[in-house]
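Two complexes come next, and they have one chain in common, chain A, joined by chain B in the first and chain C in the second.
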Partner chain A sequence: MGRAAYAAAFMSMVALLAICGSATGQEKVRGVTDTEIVIGQWGPQTGPAALWGSVGRATGVYFELINSEGGIHGRKIKYYLRDDAYQPAKTKAIVKEFVENIGIFAVAGGVGTSTGMAVREYLTENKVPWISPATGSSHWTKPFNKYIFSTFPQYYQEAYVQTQYAVEKMGKKKIAFFYQNDDYGKEGLDGAKKYMEDKGLKLVAEVPVEVTDTDLKSHALKLKQSEAEVVIIWVLPKHGAMILGVCKAIGYSPQFMAASTLSDPDLMFTVTKGLWKGVMYGNFVNMESPLVKKYQDAQKKWAPDEKYTGLFYLAGFYFAEPLVKGLQLAGRDLTPDTFIKAMESIRNWSDWLGYDCTFTDKDHQGVKSVYLEKCGDNGQRIKVSDWLVYKPK
Partner chain B sequence: MIFFDLIVGGLSIGACYALVALAMVIIYKTSEVPNFAQGEMAMISTFVAFSLIETYHVGFWTTFGLTLLFALFLGIVLELAFLRPAKDPSVLSLIVITLGAEMILYGLAGWKWGAKQNPFPVPFSEFSGITPGGVMITEINLWTFVTSLVMMVLLFVFFRFTKLGTAMKAVQQNAFAAKAMGIPTRRILTFTWGLSSVTGAVAGLLIAPLATLDPNMMLDPMLKGFASAVLGGMTSLPGAAVGGYMLGLIENFFGGYVSLEFKSVVAFGVIVLILCIKPSGLFVRHFERKV
Partner chain C sequence: MDMKRDYYEDIQLIRTKTVLVGTILLLGALVAVPFLVGGYTLYVISLIAIHAVVAIGLNILVGYTGQISLGHAGFFAIGAYTCVLLMVKAGVPFIVALPAAGFVSAGFGFLVGLPSLRLEGPYLAIATLGFGMAVTQIISHWDFSGGHMGLEAPKMTIGPFVADTGEERYAVIMAVTVVLTVAAVNLMKTRVGRAFVAIRDSEIAAAAMGISVSWFKTLSFAVSAFYTGIAGALMAFALEHISAGTFNLILSITFLAMVIVGGLGSIAGSILGAALLTYLQVKLGVIQEWPVLGPALVDVSKWFFSVEGLPNIQSIVFGAIMISIAIFEPLGMNGIYLRMKRYWKGWPF
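Up next, the complex of A and B:
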C-alpha cells in the first residue's frame, strides 16, 4: 500500500510539473523570476587587496538605490556579495555556489585579474553574462567573449594615451616607466612602448618592481640615472607612495604620472605626507557628473557606517551602471540572449559615471578613454586634460 | 657615486632585516622553532604605535616605550595562549601553531585597522640629512642605523651580563641541565617570546616609515629576515645580525648593477647557495644537533 501511494504521489507531482511547464510556455531563466533578478559579485573583503573590497559594497548600495526607484521592469535586484580574499581558489568556489546553488542571472564587477581569470571559462560555459570585470586587463575582451563586457579602460590603452599626452601635450621626450613585474604592470609598459615606437622614440628606462619589495633605493637610483623628465608609474599604492619618497630623498623630482589604479588623491596625499602634490594620474570616473552627488547620498542613506568612501567606492557604482542599463534596454522578456543583444545596442553612452561607452557584437571593450587629473595642494582633484581617447596609428 | 648610495640603501634596509633575523634567532635558539608569526607580531605592535600617535596624540618617544612594552606583553601572551597548551609538541606542530598565530594576527589587523596604507609619523625627515661627499644620508637612515645598533648592543649586554640573560643562554644550550640547576625553563621560554617580540617591534617601527603601514607591511621583511638568519646561522645572534646587513647590501648591489627584475629573488638564491655550501650558516663554527 505504502509503495503504491508513493508512486501515485510521485506520478501526480510529475504531472503537475509538466502542467506548470506548459502553462508558462517558456523555459525558466536562471536568476530571473517575476519579481526578482539575481546578481552576484565577489570581492576581497579581507586579505591583501581588501581596500578594493569597497567596490562590491558600493554595488550593493547602487542596487538598493535602483530598487527604491521601483526596480527594473517590475523586478527588484537581489544581490549577493561574497568575500574571496583575493584568492582565485575561493573565487572558483564562490562562482560555483552562484551558479549551482543560488542561481544568478549575471555577475557585476569582480575585483582582480587572477581571480577573474580563474572563473572566466566556467562563467562562459554556464552562459552567465559578466559585466565590468573590475580590472584593466586585456584578457576580458581578447579573444572576444560573447558573455563578458568590459568597462575598465585597458591598462595598455591607458598607458598609450598617457605617454601620448606627455610627449605631445607636455613636450617631453625623456620618459621612464616604473612598473609592477606582472601582467598589470607589463600591459601598461607595452602600451607606453607601443606609443614610443609609433613615434620613433624609446623609453629612457624601464624599471620593474616586485609586488613584495620593501626597498626601492636601487629602483630610484636607476630612474635618476636615466634623467627622465616624466616617470610613469604602474604599481600598487604602496609602491607609488614609496618611490616618490625615495626619489625625493636622492634629490630627483621628475613629473610623475600614475595609472588610474592610483586615482585616489586623498589616500595618496595622506600616505605620502603631501608628496603626491602635483602628481598626474588617469581617471575614468567622471567626477563632474551630477550622479556623483546622488551616489554619495545613497551611501549615506544605505551604508552610513562605510569606512572607505573614496574613488574605489564610486567605481562600485560605475561598474554596475552598464548592467542596469542593459537590463532596462532588454525589457521584460529577460534571457541571457535578449540581455546581450540589448548590451550590444549601447552606443556612445555618456549619461553615467563613464564616458562614451559603446558595445558592438564584435567589440566588448566599452570604454577606451581616460582623462588626467592632478593632485592639488591639499590633495584635491584638479582636472588637467579632456577625455583622452585611445586611437592607435 | 651610485656605489655609495647603494651602500647607504643596503645598510638601511639591512638593519631592519638584521633585527627581524635577531628576533627569529632568539626564539629559534631556545625552542628550535622558526616563528612564522614574527612579522605579524611586529606589524601589530607598529599599528598599536600608530594608534597611540594618531588617535591618542601620545608623543613619539612615549609611544616608542609603550609600544615595546606592548610587544613584550604580546609575545608573552602568544606563548602562553598558543604554544604552552600544545601537548607533547613536536617541532613541526609548533611551527604550524606559529603559522596559525600569524593568520590570526593578520586577520585581526585587517579587521581593526583596515587594509589601506597609512603614513607612519616620525620626528625625522625622510628627505634631508647629511651629505658627506655628495651621498645623501637622510635623518631617517641615521635613525635606523643608530636604533638598530643600540638594540643589538643592548641584546649583547643583556645576554652577557644579566642573570636572566645568562639563564636564557643556559636554557638554550641545555634545557635539561638548566632545569636540574633550578632554572624555571618554561618561564624562561615564555620570556624569550617576549624579548623576541620586542626586537621585532623595533624592526617594525623602523620599517613603517621607510615603507607604508598596512597589514602586509612585514610580509617581505619577515622572509628576508628569515633568509638573513639562515645566511648568518640560525643559532648565532651576531651571525644573524651580520647576515641581515649582508643581505641588504647584496640586494642593493644586485639591483643597482645586475638586474632589478631579480633583485627580490636574489635573497632566496643566496639561501640555496648557503644551504649547499655551509648549511649551518656563515658564522656558526660547527653544526651541532641537540640530543
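Up next, the complex of A and C:
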C-alpha cells in the first residue's frame, strides 16, 4: 500500500495548501470597516538584516497600546507584519498580498531602501498611504509623492546640521568627512559640502571607504595629514569602530561626529573597548520624552519575551506615531484622501518621540531635526545640543 | 505499451493522444488563469514561472550534464541588468533586449564553464560561488548600473502592445516560459542533449564515443546561463525594480534546492520543484495565520526558541524536505510522479 499512501499524502498536502488562501474583504474604502483599520508592514525577521526586525514588532506593540486605550474614533487597528528577509522580490509579493488579498488601508514603516524602492510605484498606483519608510534615503520625498510621508531625517539634512554645529557652535574650521562610498555616505557628504559652500569654506578632506574594506590605515593617514579638528563619519558601525582604533594607533585624536545610524553608544562603547567615549552622534528619537517610559512598559506588557529593546525597538513606535496622529485628525470619515489631508495639516508637532514634525501639501519630509549626544565614560548617553533644525540659507 | 519502433518515434514531442489532450488542457488552463485568480496569486504564479525557467536551465547543467553551480544568482543578475540597461540606456526594444540578456548571460556562462573543464565537485562549487558573489559586488559598486540603489525597470513593450498590468506581464512571462520549456524538452532529445547525459554518466566513456567533452561541458554552462539570463530579465519586469541585494547567495542555493527537490535530470521535475519551493517561500512566511496549525506553532516556538524564532521555520521546512528527498526519493518530485504513474497504470482494468 506504499504507493497509495504516497498518493493520499500528496492529495492531503494539496488540500492543506488550498485551505491556506486567505479570505478577501471588499469594502468601499480598502482596509476600513466600522470597527477596524487594517495596517501592514514588512520587515526582515530572518536573513542578514534580521536585527532590524524589532522595528516591525515594536509597531505591533504600539498598536496594541492604542487599541487598549480604545482605538481611534471607535475603530481598532488590525496589524499585519510580514517577513521579507530583506529581499525585494518578497517585499513585492507581500505588498501585493496586502493590497489585493488582505486589503490594507496604509503601510507603516518598512525597513530597507532597496526593498522599499521595489514597491514604491505599486503602492502609489494603488493609492496606499505609506507613513515613515524606515531609512534616511531622499527617494521617498524626491520627487514629491502624494502618498508617502517621511519622518526619517534625511542623511543630507543631518550632515548639514552636524557640520553647521561644528562650525558655528564649536568654532572649528577644519572639518573632514569620512564616508561610505555609496548613496548612504554620499548623501551625507553632499549635505556637509553644501553647508561649507554656503559659508564659503571647504572640507579639508573627503575620504571614502568601500563597504568591503578591512584595512583603514591609508584612510586614517589621509585624515591625519588634513589636520582636521573634527572628523564626521558616515559609515557602517564596524568601520566607525575601526577608524577610531587606527587613528588612535597613529596618534591622531580629533573630535569625531557620527551619523544617527551609529546612535547606539552602549553597543559602540563595548565593541571599541571604550574608544567611543567622547564621540558625538546624531539622534532623532527624543530619549527625554515621558513616552519612552510608557512604551517600554507597553513592551513589558505585550512583548515580555522581546530580546532587542534598544533604539531600533523605540524606532518602531516612532515610525507609527505619525500614522496614528493622522488617523485621529482624519476623524470618523476615513478615506485615503481625508487621511492625507489630515496628515498635511500637521504643523510643528513635538508631542511624540520626534521633534517639530510638519507636513504640507508640497513637502512630505516631516522631520528635519536631530540633536547631538555624546558617549559618556561608561557608554551612557549625554545630551550635548538642543534640536538642530535644518534651515538652509 | 511504451514500445518504440524507430528513432523518429523516440524524438516525437507528443507521443500519445493522452499526452496531446493533457498538453492542450494545460495550455488552456494557463490561458484561463488570469481570468480566474486575483493579482496577488497571479504574481506568485509569474514568480513560479520565472523560477521554473531558472530551474530548467540549472537542471540542464546539474541534472543532465552532472556539473554543479552555486553562482546562478550571478547569471540571473546579469540577465536582469543587461535587459534593463539595454532598454534604459540604449533604447533597445524589449523584444531585442530579452534575447540579448540571454546571450550576454550565456557568454558569461561560457567563460565560467572553462574552469569547469579542470574543476570537479566541491572545487567547481566554490569557483561558481565566487563568480556569483563577484557579480553582485561589481554591480553594487558600479555607478552605471545604479550602484546599491538599483534601477527602475521600464515597461515591457512589444510593438504597440504595452504590458502594464499584472495580467499582461503574466501573459508575456508565461509565453516565454512555455517556449523555453518546449525548447528544453526538445534539446534533450537531440545529439547535444544525449551528449550531456553521456558526460554525466561517464566522461571517459563519452570521450571514447567521440563526444568532445570540453566543448559540451562549456556549452552546457552557456545554455544553462542563457535560460537563467532570460529568467533574470523577466524578473526585472515582475519586480519593476532591480538592485544588487536581490541576487544574493541564498538565491543561488534556493535555485539548486528547487532542482534537487524537483528531480535531477527532469524538465517536469524542475517545474514542480520551482513551484513547490516558491509557493512555500510565500506561504511559510505567514504560517502563524494558518488555521489551527499557526497558533500551535507560535506556542511551540515560544516554548523552545524565542518570539523571533517562528519565521525561521522556512529554513527548517526546506531543510527537512531536502533531507527526506535525499533519503527516500533521490529522483525528487519527478520520482514520486513516476511511481504514481506506474502504480495507476493498470487502473481500473
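Note that in this section the second predicted complex is superposed on the first by the 366 of 393 C-alpha atoms of A that agree within 3 Å, B and C clash if a C-alpha of one lies under 4 Å from a C-alpha of the other, contacts with A are read in each partner's own complex, and residues count from 1 in each chain.
The rule is simple: contacts are C-beta pairs under 8 Å (C-beta built on N, C-alpha and C of every residue); 3 or more make two chains touch, one makes a residue touch a chain.
All values derive from a computational prediction rather than experimental measurement.
Per the definitions stated earlier, placing chain B and chain C onto a shared chain A by superposition produces a clash between them.
After overlaying the two complexes on the shared chain, residue contacts for A:Glu210 are found with chain B and with chain C alike. When the two complexes are overlaid on their common chain A, residue A:Ala249 makes contact with chain B while staying clear of chain C. By the touch criterion stated above, A:Asp83 is placed in contact with chain C alone, chain B being left untouched. Of the two partner chains, chain C is the only one that A:Asp183 touches; chain B does not reach it.
Looking at the shared chain after the overlay, A:Pro290 reaches neither chain B nor chain C.
In the overlay built on the shared chain, the residue A:Lys92 is in contact with chain C alone; chain B does not reach it. By the touch criterion defined above, A:Thr46 lies against chain B and chain C together after alignment on the C-alpha atoms of chain A.
Of the two partner chains placed by superposition, chain B and chain C are both touched by A:Lys307. In the superposition on chain A, A:Gly74 makes contact with neither chain B nor chain C. Once the two structures are superposed, chain B and chain C can be ranked by residues of chain A touched, with C on top. The superposed model puts chain B in the path of chain C at one of 26-34, 116-124 or 296-304, which is 116-124.
In the superposition on chain A, chain A positions 46-48, 50, 53, 181, 210, 212, 307 are in contact with chain B in one complex as well as with chain C in the other. Chain C meets chain A in the complex at residues 38-41, 43-44, 47, 137, 140-141, 147-150, 152, 235, 238-246, 248, 250-251, 279, 281-283, 285-286, 289-291, 302, 306-308, 311-312, 314-315, 336, 339-340, 342-343. Residues 46-51, 53, 181, 207-210, 212-215, 217-219, 221-222, 225, 237-238, 241-242, 245, 248-251, 267, 270-273, 307-308 of chain A are the ones that touch chain B when the two sit in their complex. Within the complex, the chain B residues that touch chain A are 2, 5-6, 8-10, 12-13, 16, 107, 110-111, 114-119, 121, 126-127, 136, 138, 207, 210-212, 214-217, 219-221, 223-224, 248, 251-252, 255-256, 260-261, 263-265. Interface residues of chain A facing chain C in the complex, by the touch rule stated above, are 3-4, 6-7, 10, 17, 19-22, 24, 45-48, 50, 53, 57, 82-90, 92-94, 96-97, 99-101, 113-115, 117-118, 120-122, 137, 139, 181-184, 210, 212, 303, 305-307.
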